[in-house]
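What follows is chain A paired twice: with chain B in the first complex and chain C in the second.
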Partner chain A sequence: MKLSRFNLASLTLGLAFLYLPIVILVIYSFNASRLVTVWGGWSLNWYRELLRDQAMLDAAWMSFRVAATSASAAAVLGTLAAVALSRGGHFKGRTLFSGMLYAPLVMPEVITGLSLLLLFVAINAERGFWTVTIAHTTLTMCFVTVVVQSRLHALDRSIEEAAMDLGCAPVEAFLRATLPLIWPSIAAGWMLAFALSLDDLVIASFTTGPGSATLPIRIYSEVRLGVKPEINAICTLIIAVVTVVIIIASAASKLSKTQAESAAPM
Partner chain B sequence: MSGRPIFTRPARLAAIAPYLWMALFFLVPFGFVIKIALSQTAVAQPPYIPVFDLTAGWAALKASFAALAAENFRLIASDDLYLSSYLRSLGVAAVSTSLLLIIGYPIAYAMARLPRGWQPVAMMLVIIPFWTSFLIRIYAWINILQHDGLLNQMLLTLHFVSKPVVWLSTDTAMYIGIVYSYLPFMVLPLYATLAKLPASLTEAAADLGASPLRAFWSVTFPLSLPGIGAGVLLCFIPIVGEFVIPDLLAGSDSLMIGQTLWLEFFTNRDWPVASAIAVVLLALLLIPLLIYERVQRRQLEGRR
Partner chain C sequence: MTGADTSAGAGALLLRIDAVEKRFGGFTAVDKLSLDIKAGEFFALLGPSGCGKTTLLRMLAGFEAPDAGRILLDGEDIAAVLPHQRPVNMMFQNYALFPHLSVANNIAFGLRREGLPRKEIKARVAEMVALVRLEGLEKRKPDQLSGGQQQRVALARALARRPRLLLLDEPMAALDKKLRESTQLELMALQKRLGTSFVIVTHDQQEAMTVADRIGVMNAGRLEQVATPRRLYEAPATRWVAEFVGDVNMLEGRVERRDGGRLIVATTAAGEVTVAAPSQPSAADEICIAIRPEKIRLSLRGPVDSAAQAGALNRLNGTVTDIGYLGGSTSYKVKLDSGALLTATMANIAKLDVDAYHVGQHVVAWFSPDDCVVLER
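Up next is the complex of A and B:
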């Protein structure tokens, strides 16, 4: 099928629109000049500057710990929820359950953030690492549920049933037949959760306490003061990390598909 | 189809932990939002006086219900600031969603017309920016749109303008930022629907004498309506409550409701009013949210 000129143009323009700003940002992070308008040649100045910025490094470490912890919790809870939704039939309270899992996907973050903060204040929880982690787990487990659920949905049920016919208990059948097949999608869900947590500004601003700023909070307060080459540098580093994560995630999901296909030939 | 009962039961048990988690950290917090919205503001830590105290007994509870502080809601209804924020949010969301549809549809359509082998690549290319930090993408635009940024430099060099144009802190910048950030959310559901339509449909229309444009409007477009619906909901709802984009790119003379909530909470430390704003916002979004939830559920569970 040949692509018409109109289709080609809209695709090219669309992708250029999506990528150009990011490319420009990355290029300018290597600019030797402090002035954003003047190109002063290539340099790693701003990366060196960044390494000396202790507050930024602390925020990055905090964000990393929150993202790793919350993504792991979200992967477990999200997978359990996906299993219940796709294998549990019609149980009591199912509508409420799926509603609670799908609503946070589009709920404005200011509402989610505010409501969680009010809960933490009401139970007198000390705000900081754990409150942000719990908040991020709540949001990201819903994304994990969607990813794993669509995988479970596409999976051939006869594998589980065959395992049970061969004498496996249901839990054993799940662990030995289903889990190995959905494992890559759980990993992809974990990475999505990790990226979302690393990215979140609004919910973290509501739920964190004094002295424990995450990376986006830190970047946001700097960005409000204007464009700085150091910010370009830290943004480039984040883009690099996320790109690596995406490549691993897409490899994992490809693996998942080929495995599922070889296990259950259509 | 609920599978074997023997497998169904342990699967239901799997629901317990996530159920409790979501009930505790998603549902219960809304109760607190409503409670605080009905409280009075105070200079204290935390900055509100609760209107009802469950430990005070039934009589006290009844008395406090009678004197319930709906005043936060009355304030929101009477002060123009809040009303104009809500209206602006809905207006911005409507305009942005239309722009997204107009820009996203041709992209999704072109993706669906790509050779089969190229489609996953194009899809990846659209998804990748969504993984890159939201804040970074907005910041990238500040780089371009600022007074002596690349856009103005380009326009000046090409002699399109004689002095730099003010882009930052305008609605134009905000719409660029919103369209940029939400484009994948519009393109992907549209593409998912369009890719499923067999090419034979438009071919049949062409055989029956329809021009390509006519074939598009009377065959392809109506069949892509489910994708349009999903894309519109996926963009419209979060844009209404958007905070970061208008805060960094738009001017400060008129605020969206997410910004007003943020301001009341962080700057004015007026938690009850912030909560009341959240309650009203949620009520506004309830109908689109319910539709979205049904669509999502049908998509993930319904196709059998």
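Up next is the complex of A and C:
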């Protein structure tokens, strides 16, 4: 289909509004000049600089570990919650549980962060890697549940019943018949959780402790002292990682959808 | 086969459903239902949607637990036994094939759970594939098969474990008419060969009549009648069954008098009608008379009375108002002089039907008292 002139114009404007700042950031990360706003020709200088910045690399490694761990925990917990909600029948408090699940999605991060901080202080937990990971898990498991639940909803219940009919105990039926059909959406949920955790600044800054700054925290504190071109470089790398993760997540989600459709031939 | 309630190839009692009840909230899906199914029998549960037939089937499979009553398989109460521990398998309405597994692995799924040796699984899968004629498609995934092929995979998968009882939930609902008819015949042949008891749930009465030894007609959670297909059609037990199974003309009336083996009934729609009478209804009883459309003949002047039949046939005068040509037969709507409508179906036995009537023609509709069924109102 050919776009009309008007649609083309609004599409261009809309995308420009969304992506122009990012494009500028990416271009300036290859700037040879030390001044952020002055173009001095192409160079990979700031990427080399970045490799020598141990504090920044530590923060990146910290962020990666937090994201991977919390995403994995969120994938397991979120899937279990989704299964309970869509397969558990109408147990008592189901509506409440299902409503509460969406609360963290709309809750201001400042409140989530502050409440977690209060909790960690109250139980006297040493703040660092684990507290950030737990905080991110609470935030991201809801996203996993939403993604997995919608897939379970579309999935024909009788496939699981067929497995039971053919000799599987209920748990085995889930593992053998349902899990192979929903894993792409669990993977999509994992990657969404990973990306969310990697991006988060507010909750992490509330729940982290000394010596365990995540990448966004590190960047934010550096920028307060003035934007270095090196920051542009690390941001470009983050954008690349998140883009790849999101593309894989949506591909997995699409795969899961086509599988679910072929599971219900009617 | 005229009336006795027998079933072909029936052996000992296999399944006894004893006063089983199932409620969903305030709705009673299955209402104190009792039924016996014999070993080797092909039994059909027939009824309109929402009558509880699928709920009953799901209780036999173990997906629903009855609220009351017992389900005895070989004398053992299985009402509380989980689905995977029952010697019963089910073929699902939408087949419920595992989309991530090949045809062979779908069929082998239940055998693997039994822990059979690899060699035996392979042999059993090959046997099943041959049984449902799927040779050459073993490696395909379900979404690479046609609807008819998927249906056969589902059947093979359900039969692979050699269940004592096979449950089929609307197994042919998704097939087109031609394929459905040939599949029905195949299913019957298969069932006779294996000797496994089949219980099929269907809302398609033609399907139930074709395949089943006995049919249980369900309505609102209860069995209205359990009988052979012929008996169900020719001798329905209730007015509801008569109207649900096949087409029927229903004449309401009051018994006037008894005349030997005959009842003379004053009907509201057709005046005095003579029917062959069972013993129960006596004079002044309010009854209704059911006559199947193909039992009613039409002619211009009515039949020529033979000595034996003199005065024995019912004759009703009317006008043809509507003609439905169906190929093998033609359905005529006849408006009686009283205003009531009667349907008569006549087989088109000759290529050029010399007896074809036209709309507006005066005809005599006549039928034998023996072809009437007397039912309670």
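By definition in this document, the second predicted complex is superposed on the first by the 255 of 266 C-alpha atoms of A that agree within 3 Å, B and C clash if a C-alpha of one lies under 4 Å from a C-alpha of the other, contacts with A are read in each partner's own complex, and residues count from 1 in each chain.
The definition used in the following text is that contacts are C-beta pairs under 8 Å (C-beta built on N, C-alpha and C of every residue); 3 or more make two chains touch, one makes a residue touch a chain.
This structure is a prediction, so every number in the text was calculated from the model and none was measured.
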First (chain B), second (chain C), both or neither touched by A:Leu181: second
Chain B versus chain C, judged by how many residues of chain A each one touches: B
Touching partner for A:Leu85 - first (chain B), second (chain C), both, neither: first
Which superposed partner A:Glu161 touches (first chain B, second chain C, both, neither): both
Which of chain B and chain C A:Ile22 touches, first, second, both or neither: first
On chain A, positions contacted by chain B and by chain C: 161, 164, 170, 173
In the complex, chain C residues that touch chain A: 61-63, 82-84, 88-90, 92-100, 109-110, 113-114, 141-143, 147, 150, 157-158, 161, 174
Interfacial residue positions of chain B with respect to chain A in the complex: 2-4, 6-12, 14-15, 17-19, 21-23, 25-30, 32-33, 35-36, 46, 103, 106-107, 109-111, 113-115, 122, 124-126, 128-129, 131-144, 146, 148-150, 153, 180, 183, 187, 199, 233-234, 237-238, 240-244, 248, 258, 261-262, 265-266, 271, 274-275, 278, 281-282, 285, 289, 292-293, 296-297, 300-301, 303
Sites on chain A touched by chain B in the complex: 1, 3-4, 6-8, 10-11, 14-15, 17-19, 21-22, 24-25, 28, 36-37, 77-78, 80-81, 83-91, 93, 97-112, 114-116, 118-119, 121-122, 134-135, 137-138, 141, 145-146, 149-150, 153, 157, 160-161, 164, 170-171, 173-174, 192, 195, 198-199, 201-202, 205-206, 216, 219-220, 223-224, 226-227, 231-232, 235, 238-239, 242-243, 245-246, 250
Residue ranges of chain A in contact with chain C within the complex: 156, 158-159, 161-170, 172-173, 176-177, 180-181, 259, 262-266
